[in-house]
Amino acid sequence: MIKAGVIGATGYAGNEIVRLLLGHKDVNICWYGSRSYIDKKYASIYQNFFQLVDGKCMDDNMAALADEADVIFTATPQGLCASLVNEEILSKVKVIDLSADFRIKDVAKYEKWYGIQHPTPQYVAEAVYGLCEINREDIRKARLVANPGCYPTCSTLSIYPLLKEGLIDPSTIIIDAKSGTSGAGRGAKVDNLFCEVNENIKAYGVASHRHTPEIEDQLSYACGKEVLINFTPHLVPMNRGILVTSYASLLNKDISYEEVRAAYDKYYEKEMFVRVLDKDVCPQTKWVEGSNFVDVNFKIDPRTGRIIIMGAMDNLVKGAAGQAVQNMNLLFGLEETEGLMQIPMIP
Amino acid sequence: MIKAGVIGATGYAGNEIVRLLLGHKDVNICWYGSRSYIDKKYASIYQNFFQLVDGKCMDDNMAALADEADVIFTATPQGLCASLVNEEILSKVKVIDLSADFRIKDVAKYEKWYGIQHPTPQYVAEAVYGLCEINREDIRKARLVANPGCYPTCSTLSIYPLLKEGLIDPSTIIIDAKSGTSGAGRGAKVDNLFCEVNENIKAYGVASHRHTPEIEDQLSYACGKEVLINFTPHLVPMNRGILVTSYASLLNKDISYEEVRAAYDKYYEKEMFVRVLDKDVCPQTKWVEGSNFVDVNFKIDPRTGRIIIMGAMDNLVKGAAGQAVQNMNLLFGLEETEGLMQIPMIP
Amino acid sequence: MIKAGVIGATGYAGNEIVRLLLGHKDVNICWYGSRSYIDKKYASIYQNFFQLVDGKCMDDNMAALADEADVIFTATPQGLCASLVNEEILSKVKVIDLSADFRIKDVAKYEKWYGIQHPTPQYVAEAVYGLCEINREDIRKARLVANPGCYPTCSTLSIYPLLKEGLIDPSTIIIDAKSGTSGAGRGAKVDNLFCEVNENIKAYGVASHRHTPEIEDQLSYACGKEVLINFTPHLVPMNRGILVTSYASLLNKDISYEEVRAAYDKYYEKEMFVRVLDKDVCPQTKWVEGSNFVDVNFKIDPRTGRIIIMGAMDNLVKGAAGQAVQNMNLLFGLEETEGLMQIPMIP
Amino acid sequence: MIKAGVIGATGYAGNEIVRLLLGHKDVNICWYGSRSYIDKKYASIYQNFFQLVDGKCMDDNMAALADEADVIFTATPQGLCASLVNEEILSKVKVIDLSADFRIKDVAKYEKWYGIQHPTPQYVAEAVYGLCEINREDIRKARLVANPGCYPTCSTLSIYPLLKEGLIDPSTIIIDAKSGTSGAGRGAKVDNLFCEVNENIKAYGVASHRHTPEIEDQLSYACGKEVLINFTPHLVPMNRGILVTSYASLLNKDISYEEVRAAYDKYYEKEMFVRVLDKDVCPQTKWVEGSNFVDVNFKIDPRTGRIIIMGAMDNLVKGAAGQAVQNMNLLFGLEETEGLMQIPMIP
């Protein structure tokens, strides 16, 4: 059995990692890290685990944990994982970091968008960006996996085949994203109170959201040149789910549905977790809720020569904990889908 | 492998049976019955099953199905299952009926509350009321299981130990229940539109709801004499979940928390799916969402001599599909929890 | 023009007082009190007032305010208003306190349930409980009005005629209440985050909620003897609205609908803001949202000899700010409905 | 007093017209038209009006109504108003049509997008598009007002100054819109059930929504040449509110915030109902709920040379009934804001 430790176990992503690992036949959780709740029973914070989890919350002591665990998940704010990792830890244990610390290869860019100094830039180069469908082989060999952000996962996977196959003009990409509120975390902030979010929708982080450079990096890798995009996230009154609606100009205005569809099939036909929907079916976040699936589809608008690309995903599963477990499966040579075949829950 | 057929597969309960059976290692689904969608792909009605279910919707032909299947689930309106079963079918296949047709032993009472004539009263006596924690042994030997209603499951399980141990006055029981909207089904009715339910709460079926006699029957069995109750359901703006808040006068006003707790432990300590929460922790529907758990707890009010009993449950799982699968496990001698260990999903 | 000051203007009740007073033809607001946001523009906290309110937030200085204003609304936590009022202030200005400080005549009872010492018990006796439909004449002559709690308003108004006319056994009253989340205030607490409240329902404060003694007092006055009740509030995933479902045993089991109806009409036929619905129509919170109406109705259950009483109300209007304005109208001899004829908003 | 008739009074827009007119000091409603509910009390369909509206539902008899009323509002499906108007009616009464029948000047375009034949194309030319802030003077003189669609109102008003002042490239406009569910109407459809909409978001009508040509027409008028756009609406789990997020390339990449702001102020500084928010404040639908306001703002992204434009509005007020009443005020020479100064309701 693989022994797993979770640092930041009482955030929503941490809670979701625990939910998934409890159903994973090859893993035992040995450490529920939560600085805020040290010594409290984990199941008293998340009563869903009542009678299912017996452990208590422990400190975020990565050095001690490295001696006990085979893999560490860090579901913590930016900067924490980077401040804790070192050569000794990485030599003992695999680390899957759900923060942004190791996602951006250009340290200066990271520091500018996140407004913090990177404490361990020496590990940025070796960290593998854990977008499994794209970097599968590199992930298998990694010590340190940078688990992708929620918006970047959904944005990249839905646009990737179009850039890879050179079908769209990269300079025209606009990504309008909508997220459930769990993406904002479990911190006690007025803006995330029920009465502030319910019956409301707003854009936030317009032209300044931190996931922008991460998405741009991934899209740039796909097309082989630097891409700048517009990315606008919105807060939607629902718990889970991300919907990404993207726009780009087609390089060939006369391209057919079938040709574009072939591009998607080329990359995703054999992928379990990326589902390209039937023609004219628009993805809905409800259809993937609780699961590791990303549903994608597209629509060509011959009037404007643009393509509209849609992707839907559960931000806490494929956008965080599910992808982290998928990465763990790759790191340990397990079946990639192990512990991840939850069926989306309707309604 | 057990071959299962689902009649009424495109309702919310039918959809949930499919979700659970797809994750059950000993079952294959051989029939997706849905009169309204014959010949349409099942996954086109419920896109959550896209690339997971390949079958098409078929007619509600129970005779044909009895030749193919080992077990039939009927998730259909009142009267349908009763009009289809016959000796030949029951001799070939186990039937788990999620409607009310075989729940009430007094046929006249059924006909009065449901306003329909019972087409096959001859099977009422042999049908076993499938409340697994209470009728486990009888269920194992049954041909026809009457799967309990959602409100009756949560109400009965939360009150049962108090009546069985003679701690409360049965004539004082009042049950105030709150349900998510999936309990109202998937029919296109104005009253169930998003804009009518959202930002709203109301009581309905006051002093007349059809689950009243079913609850009264079960409570009567528990205490050995006829019980009349008040039962008031309410519609809550959420998809899933039932919360039951019940009130009764204690027979001994000086009874302690520990004594009442002992009564609950006597019946539920070894039950996987009934969780008696720690003292002063109130059940929340979110803590059981997507799972087969029922969370119960109670509070003694020494000022009034009453006890307040609370139970929370996912109406589509333990209140419908989950309990149906639990019954199937019992009928076929499988591990009772097989396919039912979904962890509640938060948030 | 009446000059009004609002202390606690940035809570949800304070915001609602401002909304209502802006539409009141006889009132100008001269003071937006908010300790947390001193010197910030009030409309920057509540952008609904953008270009409608120009004032800045000021300190909770009741002495200074008493010189400027004709009436002060205190929409602040328990204890604050009581710690600020004194003879000089009360001689200059009318005070309408939305906290519980002056609602309970028995100071010892107040101190026990609220766990604080009452700083100015000498004003408790003169304070008038501002339930307008019942204490109208006393309110007109008051200096200090104790604006009723949300649950007590809805509970008392819906049960009052039955007790006043001696139709029910006071010792059997059980009140099961459901409230939207704005009742929990605008404080940044994890329990009130969107993701914790949405898709969830729970009871809270079981057998211990602070509104219990306030309701008991009012019901006791109505029937002329001390009443103990069970009161259980629940948190519902909606912004506004309270639904109260109450139960009591009828003293005469053979009483007719018409006789009970006559009792309600006796007290409410001429009341603008209490609407007794037509037979068999259950109140819904949506039908009163944004308005000062309380909708009430009842159902007799001849099987159990009990009556089920329902009341629905907007907790921020009739349950707080609306009733406060109604009290102000009485205090200043204005038309009682002035500024309060908002039509409920659907959907 | 102006006598007003409402055809289609039991839809959500019709209900909202009634709500607003009840608060309008110069109007009496003389006709509640609703084919589906003839002879039923209007307040029995919408219990919010209990004791406030006494009338019964009547047939959609526009000829009879023209003899009784001074103004007729038609809140009915496409094609109905156009099939009922004639010279006699228009000579007797003002008609404000909330359907799309008279919004698009090119009848062929209307027929193509709406898939129906226009029954009275002879009135299309004289009908005035009732976007009050832009066509104020023409509206005053009209007999027949085409009340704008919800998406077109919010889209046009938020983009208009940029096109009028020549600041953006019209060929680059992309409009990503999000709407509450009341926009889908009160018809009983599975897709609009609570359980289908709640905890879900999806795009719909991608590259084919009928409001596209209406928006394109208005934007074309603003810049003086034909504009083609991408318009993608999304269904959001909330009752009311539209948020429009639009994207366009700036013609001058070095333009400053102040210069763009000046363009907005030029057109909206004196407008009561269009509020240009302070710098960096993003519009939220909650801030305008229940009111006739449209909140707009913009953000320049110097990295991409694009401008992101945001507009928020209550789809049933400024997007339907409120604008209709504003048009009525113009038609009858009343104060334009009469009956429309509802303050947005928070939370």
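Think of it as A, B, C and D in the order they're written, each chain with its own count starting at 1.
Throughout what follows, contacts are C-beta pairs under 8 Å (C-beta built on N, C-alpha and C of every residue); 3 or more make two chains touch, one makes a residue touch a chain.
Predicted model, so just to flag it, every value in this text is computed and none were measured.
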A-D or C-D, whichever has more C-beta pairs in contact: A-D
Most widely separated chain from chain D, with each centre as the mean of CA atoms: B
CA centroid of chain B to CA centroid of chain D, Å: 46
Intercentroid distance (Cα basis), chain D paired with chain C, Å: 36
Separation of mean Cα positions, chain D and chain A [Å, integer]: 38
Chain D: positions in contact with at least two other chains: 12, 182, 195-196, 198-199, 237-240, 284, 286, 289, 347
Chain B residues touching chain C - in the complex, by the definition given at the top: 174, 176, 178, 180, 195-196, 198-204, 206-207, 228-230, 232, 234, 236-241, 243, 245, 247, 282-286, 289, 299-301, 303-304, 306, 308, 310, 312, 347
Residue ranges of chain B touching chain A (in the complex, touch as defined): 12, 15, 19, 22-23, 44, 46-52, 182, 199, 239-240, 275, 277-278, 281, 284, 286-291, 295, 341-347
Complex contact set, residues of chain D against chain B: 12, 181-182, 186, 188-190, 192-199, 237-239
